[in-house]
Amino acid sequence: MDTISLVFFALAFLTIVSSLMVVSSKNIFHSAIFLILALFGVAGLFVLLEAPFLAAAQVLIYVGAIAILMIFSVMLTARISDSGLRHTNEQVPTGLAISLGLLIVMLYSLWNTPIPVSEATPTGGAGHKLGELFLTTFVLPFEIVSVLLLAALISALVIAKRDGPLGGRGAGNETDEKREMEQGARPGN
Amino acid sequence: MLENAWLIPVFPLIAMVAIMLVTHRNRMLSAGLSIAAMSIAFIWSWAIALTVWNNPEAQRFSFEWLDLGPSMHIPLGIQIDGLTAMMLIVVSTVALMVNIYSVGYMHDDPLFSRYFAYLSLFGMAMLTLVLADNYFLMFVSWELVGLASYLLIGFWFEKQSASDAGKKAFITTRLGDLGFLIGLLMLYAAVGSLAFKDVNGAVQNGTLTGGYLTVAALCLFAGAVGKSAQVPLHVWLPDAMEGPTPVSALIHAATMVVAGVYLVARSLILFGVAQDASMVVAWIGIITSLMAATIGLVQNDIKRVLAYSTVSQLGYMIMALGLGGFTASMFHLMTHAFFKALLFLGAGSVIHAVHTNDIREMGGLHSKMKITSWTFLIAALAIAGVPPLSGFWSKDEIVAASAGHPVFMALTLLVAFMTAFYMFRLYFLTFTGTPRDHHRSDHAHESPLTMTGPLMFLAFLSIVSGFVGMPWLHHGFSSVVYIGEPHHAEFHLSTAIIATSVGLSGIALAYLMYYKRAIDPEKIAASVKGIYTTLYNKYYFDEAYDVLFIRPYYVVCDAWFWFDKTIVDGMVNGAGDLGMFWSRVNAWFDETFVDGAVNGVGIVTRAFGLTVRHLQTGRVQNYAFVVFATMVIIWLLQ
Amino acid sequence: MAAIGINHFLALSAVVFCIGVYGMLTRRNAIAVLMAVELMFNAVNITLVAFARYVTPETATGQVVAAFTIAVAAAEATVALAIVLLIYQHHRGIDVDKVNFMKW
Amino acid sequence: MFELDKLVKAVGDVIASLVTAMGLGSAWVTTVQLAVAALVVIVFAAVVVLFLVWWERKVSARIQMRVGPMRVGWHGLLQTIADAIKLLQKEDITPTNVDRGIYFWAPIITFVAALAVYVTIPFGKGLLVSDLNIGILYILSVTTFTVIGLLMAGWSSNNKYALLGGFRSAAQVVSYEVPMALSILGVILFTQSLSMGEIVSQQTKFHQWYVWRQPIGFLIYLVAATAECNRTPFDLPEADSELVAGFVTEYSGMKFAMFFLAEFLNMFSVAAIATTLFFGGWNGPFLPSWFWFMAKTLIGVFVLMWFRWTYPRLRVDQLMGFAWKFLLPLAFLNLLVTGFIILLVK
């Protein structure tokens, strides 16, 4: 077994186990931490796939932004009583069946699909190539994504703003809000 | 000016609409509007007449009105020639005079404004009629004047007789109009156009000829018979005297009733080719003339005398046309319009003073109503054909036109004699002698200036209007109003003397009987009692119609009524009862089965919905589950 | 064992994706559902980058698309978490089960 | 003459020959070489931190007109070692209601993340563990794990002060990461490379230092980096007057030491990155490259200490407002102008 295989299987193991923990952990905070681990594993896979730029971006954006936002939200919304509650709904058996069925379907399809593998030397790992593509072939999607990000930024502000158009119960309940937040935002016992 | 002549009828139209919609609350403003509109028409008409006087060539201005494809298009337009110019003058002048006169005559009427609206409507229609360059527009306005006539005859609709008279006039003339319409359709079918120019051209170049032309011409003449009150459709005109007197003067003496004459005159080229039709026209004319004159001898209602006089004179004109005397007829039409309008307005003035129509209750009014009396006398002299008044010149030409036919000439002279007699009978009974009803006479007084003014103006016209047709004028009436070539009538001294003497003798007889009382009319009446009664009852025309048409009609109506009541109603009611029974059955069926089914559908649907709605849980995860499950299932099904 | 090839990555991607599907279908906590969705995103990204590496190595198109996916995921997470916070304000909880007021 | 690159190379060769002699492949050679390098870096980091802790005490003392530690060693130079020994000897207390797993991993992650940055920092000519071609991006990515550790610590401590500290830390780091990345991007526009070695090699002359071309970028970086390592005036996550000690409230002993280490490591790495990006890295005349690097970096560290003991702490809303409403637009503007100028010069 060569090093690449070793690394791959290690990363695959890390990713899969973390993913399983994400979906099965009773503690939502643990889920978030395992999500970070899974994302980190994926970033490692990217490195293995000779896409270091993407790996860095994965860590920077997923771990540095999305995961932190999620943890942030978890901290804002989790409550003491939560961990004692059922963390899954009644779809567990069926969902499990469907997921496994889907997995079988996909693996079966994968098994039966010949993929034309090219032997050319990979390029574009360091970002030069990607930058060129972003600003030439994919300039339109690039611009659209930037607009999308701006829109997301603004909409998130508008949605979550407490006294905004969609805001919850007005500024009058701030003390109440704070108290509840501080009480409720404890991890489970 | 000529090409814009179509604006002439527009002014009265505007006046009518304005009065009806806006100013009807203000009496004087309404009257002023009507008079102003008619004044414009009056001035314009005279201006046109002066132009045409110098250049009698016909001018036409038309535009496309209906374009229904290559084979069917109807242009509307106006035609201005001598005849039109003359008619314009007649119509606008008399209409203006009557408008002014009506201000005084209708002064106390509660529907004063509406009256002037109707007058304006009539003015619009009549002016359009004479301006039209085709039969189609003429027919439209022909019907419009009929409508105005109906409205004005029945103006005092609260009076049963007036209301009936209006209906009678309308229905009677409708009979003639039907013929007119058929004639139009025949002409259109044959010529493909209704323009006078095209129809006349078709007649002249021979495409329209023979029996077809004769029938078409007679159909057109049927319209004229109705409108111009010729035998046998004359019965409506005397009854039309139920309308206000100025209306009688305008519509039923001077203008509308001559529309029939005008129609025949316009179509005279047709009649010139269709000689058989011409003879029918001539005979109808002289019979009408004679019959109306004889009836006029014995009538006691001042307006009815004048009405029969009108019918008689219209018969004159028709006869002249039938004999080809176009210029003579038209000349007489013009002069007659003036003096007959004057007579009617004078009669109106009298009626206004004494509040009765019966000449037996009048008498001795000369001293009380000098202007009315004098102007009435002038008109009477004019109609009697006394030189040099206008009637003399025109009647002279009619006599000259009938000179070629001894029978017609004799009858013409006889009618002339009777005309002179009954006019002066009327005059003497009304204005001279002693008042027979002192109560009425004492309150009599001269009419206001708005009424006497038109009288005097028309009297002036009655005197001078004949001069334009004096035979020795180089450029006179006949140089302007003619068909084909200008026809200058020679002055026949003998004819003139005969006609004048006939007229004078009629006057003399009336003088003896009703002024000097040298001959007692009662005795004469008694000696020829049968004839007198017949004449007094107007040859029993109305009664004959009653027996011949109306009663059988009623009988048939009763029969049909019985049939309707018994059979049809029975069937209908039976069907109704059956329907109700069937409806009840249906209702029961509906309520039980259909409603049950409908409600059942609703209940089932609701139950289904209540069951199925659980599928829509509002939970995204369930939906996502379905999505992924479907993916797997689809793959498995492959 | 054969050398690591594209099929290894794709199989791994499928496994991660199905784990994400399971989590999305079963978790009650809205944030947990979001996490599962992120897992699915990442599975897709693995696929994209694997294809870019093995099928079209000379053009990095797959990596570009993966980068777009990451950006879109960031936007999605932002808005979704804002909504979660709003729901929390209204309902004092973020159980997806209870956020079913769009039904019927 | 005192350059260390030859020494490093020689050590590497020795390792390679040793591993090869043991009959292992080239992959193992690299692995062992990296392991040794990592070990060296860890030792170096520990020494640096020990020095920095002492230095901070001395600097703060001088700023406050005191003398600071004087007893242990020359001018108290060994004071930190004594303190470290004391910390290592202390009982490792784990409070009852903490979330144990996370409580345990939080300091480790923080420390490892802080340490991992050193992989790509060029300490001198040839003194670079791995010259990744995405070097600067790698640093940005790895530093984000620091905040994960802080969050974990704040959450798992089951303490409201710790939690609030975690909150503040997350918000602050995520916010200031954006202007920091943008200010670095200004430099990258010039270098056209993400590799740290490449960046250093472009600044051999004094006038080539990127601080001259990116003065505003440097200022933004300085402010944002200060916030990134949670130092005063941006030390809200651990503001002792408000939150006791923030996310480290419940930690003691070795775990506390790791947080402490991580903080100083971060401070050093921030200064090192600033040196590399803006001040020519290890380039300098006469003296060896590692000396120049250390000199420049320590000056940077001194500036950070100077800030800490000079400026008062910000309020939390001022902190966020400053990041989003001032630094971010400024960074964007800087980037825009930079790009425009580069286009013009080309």
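We just call them A, B, C and D in the order they show up, numbering each chain from 1.
Everything below uses one rule, namely that contacts are C-beta pairs under 8 Å (C-beta built on N, C-alpha and C of every residue); 3 or more make two chains touch, one makes a residue touch a chain.
Remember, it's a predicted structure, so these values are computed and weren't measured experimentally.
Asker: Given the two chain pairs A-C and B-C, which is bridged by the higher number of C-beta pairs in contact?
Answerer: Looking at A-C and B-C side by side, A-C shows more C-beta contacts.
Asker: Using Cα averages as centroids, what's the distance between subunit A and subunit C in whole Å?
Answerer: A distance of 6 Å separates the two centres.
Asker: For subunit B and subunit C, let me know how many angstrom lie between their CA-based centres, rounded off.
Answerer: So the centre of subunit B lies 95 Å away from the centre of subunit C.
Asker: Indicate the whole-number Å distance between the mean C-alpha point of subunit B and the mean C-alpha point of subunit D.
Answerer: Each chain reduced to its C-alpha mean, subunit B and subunit D end up 117 Å apart.
Asker: Distance-wise, how many Å sit between the C-alpha centres of subunit A and subunit D, to the nearest whole number?
Answerer: Distance between chain centres, rounded to whole Å: 27 Å.
Asker: Would you pick out the residues of subunit A that each touch at least 2 other chains?
Answerer: Within subunit A, the residues that touch at least two other chains are 2, 53, 57, 65, 69, 72, 89, 91, 94-95, 98-99, 102, 125.
Asker: Can you pull out the residues of subunit C that are in contact with at least two other chains?
Answerer: 21, 25-26, 96-97
Asker: What are the residues of subunit D that contact at least two other chains?
Answerer: Residues: none.
Asker: Kindly provide every pair of chains that touch.
Answerer: Applying the touch criterion to every chain pair yields A-B, A-C, A-D, B-C.
Asker: Can you name the residues of subunit A that touch subunit D in the complex?
Answerer: 2-3, 27, 29-30, 33, 36, 43, 52-53, 55-57, 59-60, 63-65, 67-69, 71-72, 75, 125-127, 182, 185-189
Asker: Residue numbers of subunit A touching subunit C in their complex, please.
Answerer: Per the touch definition, subunit A meets subunit C at residues 1-2, 4-5, 8, 12, 15-16, 19-20, 22-24, 28, 31-32, 35, 38-39, 42, 45-46, 48-51, 53-54, 57-58, 61-62, 65-66, 69-70, 72-74, 76-77, 79, 82, 85-89, 91-92, 94-96, 98-100, 102-103, 106-107, 110, 115-118, 120-125, 129-130, 133-134, 137-138, 141-142, 145, 148-149, 151-153, 155-157, 159-160, 162, 166-169, 177, 180.
Asker: Could you please specify the touching residues of subunit D with respect to subunit A in the complex?
Answerer: That would be residues 27, 31, 97, 99, 101-102, 105, 132-134, 137-138, 140-142, 144-145, 147-148, 151-152, 154-156, 158, 160, 163, 166-167, 170-171, 173-174, 177, 181, 194 of subunit D.
Asker: Report the residues of subunit B in contact with subunit C in the complex, numbered from low to high.
Answerer: 613, 616-621, 624-625, 628
Asker: Which of the residues in subunit C come into contact with subunit B in the complex?
Answerer: Within the complex, subunit C contacts subunit B at residues 21, 24-26, 33, 96-97, 99-104.
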